[in-house]
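Across the two complexes that follow, subunit A remains constant while its partner is subunit B and subsequently subunit C.
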Partner chain A sequence: MKKYGRGLATIMFGFGYGEGFPDHSIASIEIKEDERIVIRTAAADVGQGVITTVIQIAAEILRIKPDYFEVIQGDTHTTKNSGSTSATRQTYFTGNAVKKAAENLLANIYHYGSLEFRSNHPEINVEDGKIYMYDDPDNYITYWDLARTLDQNGKKLEAEGSFFPVTYKPDQEGQADKVYVAYTFLSQVIEVEVDTDTGMIDLLNVYTAIDLGKAINPKNVEGQIEGGTVQGLGMGMMEEQVIQDGITLNPDMSDYLVPTSVDIPKFKHYLVEDEDSEGPFGAKGVGEPTLIAAAPALANAVYDAVGIRFFELPLSPSRVKKALQEKAAEDE
Partner chain B sequence: MQITLRVNGEERTLDVTPYTRLLDLIREDLGLTGVKEGCGKGECGACTVIMNGELTASCLVPAPQADGAEILTIEGLAADGKLDPIQESFIEAGAVQCGFCIPGMVLAGKRLLDENPNPNEEDVRYGLSGNICRCTGYAKIIDAVMMAADKLKVEGSVNNGE
Partner chain C sequence: MKKSPMKLESSQTISGVDFENYFQPGSLKEALEIKAEYGRDITIAAGTTDLFVAYYERLHTIKNWLDLSKIDELKYIKFSEKNVKIGAMTTHLALKESEELKGKFPVLQAAAADVGSPQIRSRGTIGGNIATSSPSGDLLTPLLSYQARFKLETAGKSRWAAAEEFFTGPKQNIMGPKEILTEIEVPLPKNDSSGYWIKIGRRKALVISTLNFSLVLEFNKEKISRAGLAMGSAAPTPVRLKKIEEMLVGKSLDELDHRKLGEEVKKQIAPIDDVRGTKEYREDVAFETMINALEDIESRRG
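Presenting the complex of A and B:
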């Protein structure tokens, strides 16, 4: 018999290294004479999309289409430290470093642009890669023109930005002014059907609400939620490393099962954009928080379906079936 | 020993040992590194190629078995610099994260659509189930293949003058 159940779990996740550990990112941006804008950052994009994110941020601040940007990433010869791609920190830290670099560069565009027009900042406008006087918009110079002019004088149209917030170690009671730079919150409801004959769990739907401050790239955010949740569900339902005398007995993908395309639920996402952090445009980290609620929400859903509390993962068919049999024996 | 095979429409003749894997022939000898090695045991799908019309784990094929075969790798999918509709769909759906599984996923999706141009979601899920992905959670990959099916239908009706 199949029994329906649903479960909820809510998590909070302090991201960045936190606890007083030095945590910062440095980035620079240069407008080149050949109509490119080069961002230099050591942030590693491992698929989560930080490169897309920093281009969006810089394009927004510099008031120009993203098409012109290229990113030199993780080159120790030309980039400065951005810290690791870990701790769910790159959007917040490198996003902010790039935002600051872009703001400094925009200031330089105003500065050198106003020199070209022999005018003041309030009288000139910067838009779509062009600089002009408000009262004569047809008489403009482009960012590239400005870069060429500066180049003739041995200068570059560039700027650097860094982000270095302070956090504090918690005291013995776990209290401190600021242990982490900010917290991401996530609630997840999972609907399942448990087959009481086989112990198998069918995943139906996963509803995720995440307070992420600001979704700089909503599609990337959804990808992070789906990927993290499926890893969490793998942990919850099937992934189990079996070790005997120090030897892993199931070192293969056929013995150590991870979810495949037939195992995943349907998703629905709710992005809560509070813009309440000091991240770029209020954004917070979304990587690791997406994994944490899945297994407890699943266990709660199974409890709702069959009335059994599990305290060990994964909820494999054999473990669920055994528990159902024990419960049936107790109930008799 | 010498074998001859067609890879992405081009005839290639190569010297191989009897125990060279087709995967290594493609990556090392032909330099087509879009074909990935994941598990090396035929379990993960990262090394997928289409060999004589069938999805094949190239890590399990001794190169001599590919003598005379017709092989399509991810590099052969785009024609004249234009992406295949299924590649476009992967981009538009946001289906790619780290990208390691994606060449195999795209080929699995293509093979599925070649056989069944009107798949429902269950068909797509089943068609991709031999390819493991660790970062995306599959949802957007499934969306991408469904999207490609729609695109190919529109293209087909345009080509037929409908």
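Presenting the complex of A and C:
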């Protein structure tokens, strides 16, 4: 028999290294004479999309289409420290570093641009990669023109930015003004059907609401939510290293299971953009928070369906069926 | 004939070590000759979906290979009045897609559709599934239910083996050192029939069965005239549960005590604990599955 159930879990996640550990990122941006804008950062894109994110941030500040950008990442010869791609920190830390670098570069565009027009910056406008006087918009120079002019004088049109917020070490009681730089909040409702004959759980729907400050790239955020949730559900239903006498009995992907594309549920997302005061455009980290609620929401849904509380993962068919049998025996 | 003309000339290294001999004959005759020469010292590749997993990173330890994938004369599904003959190198995909199998052997076709993933179904073969003789092989239970028999050939000779006499232990069977499995013959149900198939696994695809179950019932005026019941991952080999079949024959569906038959199934199987499920789980699910199968067939015949 199939039994329907629905479960909710809510989490908060402090991101960045936190707890007083020094945490920072440095980035630089250069406008080249050959019509490219190069961002240098050591932030590693491991598929989560930090490259797209920093390009969008820089393009927004520099008032130009993202098409011109390229990112040099993780090259110790040309990039400075960005910290690790971990702790859900790159959008916040490197996003801020790139934003600051872009702001400094925009200031340089105004500065050197005003010299070209022999004017001062309130009379100058910068838009779509062009610099011109408000009263004569047709008479413009491009960013590339400006870069070439500077190059002839041995200068570069570039700037660097860093983000290095104060973090606080907790006291003996674990208290501090701010243990982490910011917190992401997420609530997730999962709907399941439990087959009481086989103990198998069918995942139906997942509804996710996440307060991420600001979605720099909403599609990317959805990808993070789906990926993180599926990984969390894998932990909740399948992933289990079986060890006997010190030997792992399932050392391969044919018996150490993770969900396949046909196992995953349907998703619906609600992005709550309650802007953070310090994040780039108010953005906060979304990586790890997307994984955490899945297993507890699943366990609550299974409880709703069959009235059994589980305190051990994964909820494998064998474990669920055993509990169902025990409950049936008790109820008799 | 130490140096066979079929040997490939490639010097490509695999797993860092050259294969000693890799044969890829284009005809069954050539394959049987090679098998006759090497016997147990040559490993047959009939899709490799099990072999490559079992020997992952140890492929170089297989000295001699006999790859049957280029033998087109072993790829067919042929119907006659009495039976269907399936070539051993017919893929799971071909079985799944066959229009002819659809009405006549629904359980076999459903099992083929549940094997692994699209990639595995398009490489893996019915002959490979049988010869690997895994207790969990998904096609094996339907073949037992339908009372299939297998043709085992050597150069110059051939013999037939009934499916229920073929499997002797986990990944063990009665095949001799010089034999190649070439054909599967399944008799057509004599009367109108209904079947039930289910694969129990820990996820919906790409999974080794924790349990698989196939039941085929033939009817003669509402009485069960023949029953074929088999289960996989429930014993050291895929098993046909003859004692229960006998309890079904001669009865009509509404005369059956589903729970009692479920209990009987539980007694007849001999599963083990492993990473895919516990003994207890397999017994409990076998019980439920027997009941569900009978209910499902009853509701469909209404």
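Operating definition for what follows: the second predicted complex is superposed on the first by the 331 of 332 C-alpha atoms of A that agree within 3 Å, B and C clash if a C-alpha of one lies under 4 Å from a C-alpha of the other, contacts with A are read in each partner's own complex, and residues count from 1 in each chain.
The rule we apply is simple: a residue touches a chain if its C-beta (ideal position, glycine included) is under 8 Å from a C-beta of that chain, and two chains touch if they have at least 3 such contacts.
Just so it is clear, the structure is predicted and the values come from calculations on it, not from any experiment.
J.: By the touch definition at the top of the document, which applies to A:107: first (subunit B), second (subunit C), both, or neither?
T.: Neither: A:107 stays clear of subunit B and subunit C.
J.: First (subunit B), second (subunit C), both or neither: which does A:328 touch?
T.: neither
J.: Return first, second, both or neither, reflecting whether A:166 touches subunit B, subunit C, both chains, or no partner chain.
T.: A:166 contacts neither subunit B nor subunit C.
J.: Which partner chains sit in contact with A:267 here, subunit B, subunit C, both or neither? Use first/second/both/neither.
T.: So A:267 only meets subunit B here.
J.: In the superposed arrangement, which partner chain does A:238 touch: subunit B (first), subunit C (second), both, or neither?
T.: Only subunit C is touched by A:238; subunit B is not.
J.: Determine, under the contact definition given at the top, whether A:115 touches first (subunit B), second (subunit C), both, or neither.
T.: neither
J.: Once the structures are superposed on A, label A:252 by its partner contacts, choosing first (subunit B), second (subunit C), both or neither.
T.: Both: A:252 reaches subunit B and subunit C.
J.: Is A:12 in contact with subunit B, with subunit C, with both, or with neither (first, second, both, neither)?
T.: neither
J.: Quick check on the output: what are the common subunit A residues between the subunit B footprint and the subunit C footprint?
T.: 252, 254, 259-262
J.: Mind pulling up the subunit A residues that touch subunit C in the complex?
T.: 197-200, 237-238, 242, 249-250, 252, 254-255, 257, 259-263, 316-318, 321-322, 325
J.: If we count contacts the way the header does, which residues on subunit B are in touch with subunit A in the complex?
T.: Subunit B reaches subunit A through residues 39, 41, 43-44, 94, 96-99, 124-126, 128-142.
J.: Hey, which residues of subunit C end up touching subunit A in the complex?
T.: 53, 56, 117, 200, 202-208, 210, 274-278, 280-281, 284-285, 288-289, 292
J.: Per the contact definition, I'd like the list of subunit A residues that touch subunit B in the complex.
T.: Answer in residue numbers: 46-49, 219-220, 222-223, 225-231, 252-254, 258-262, 264, 267.
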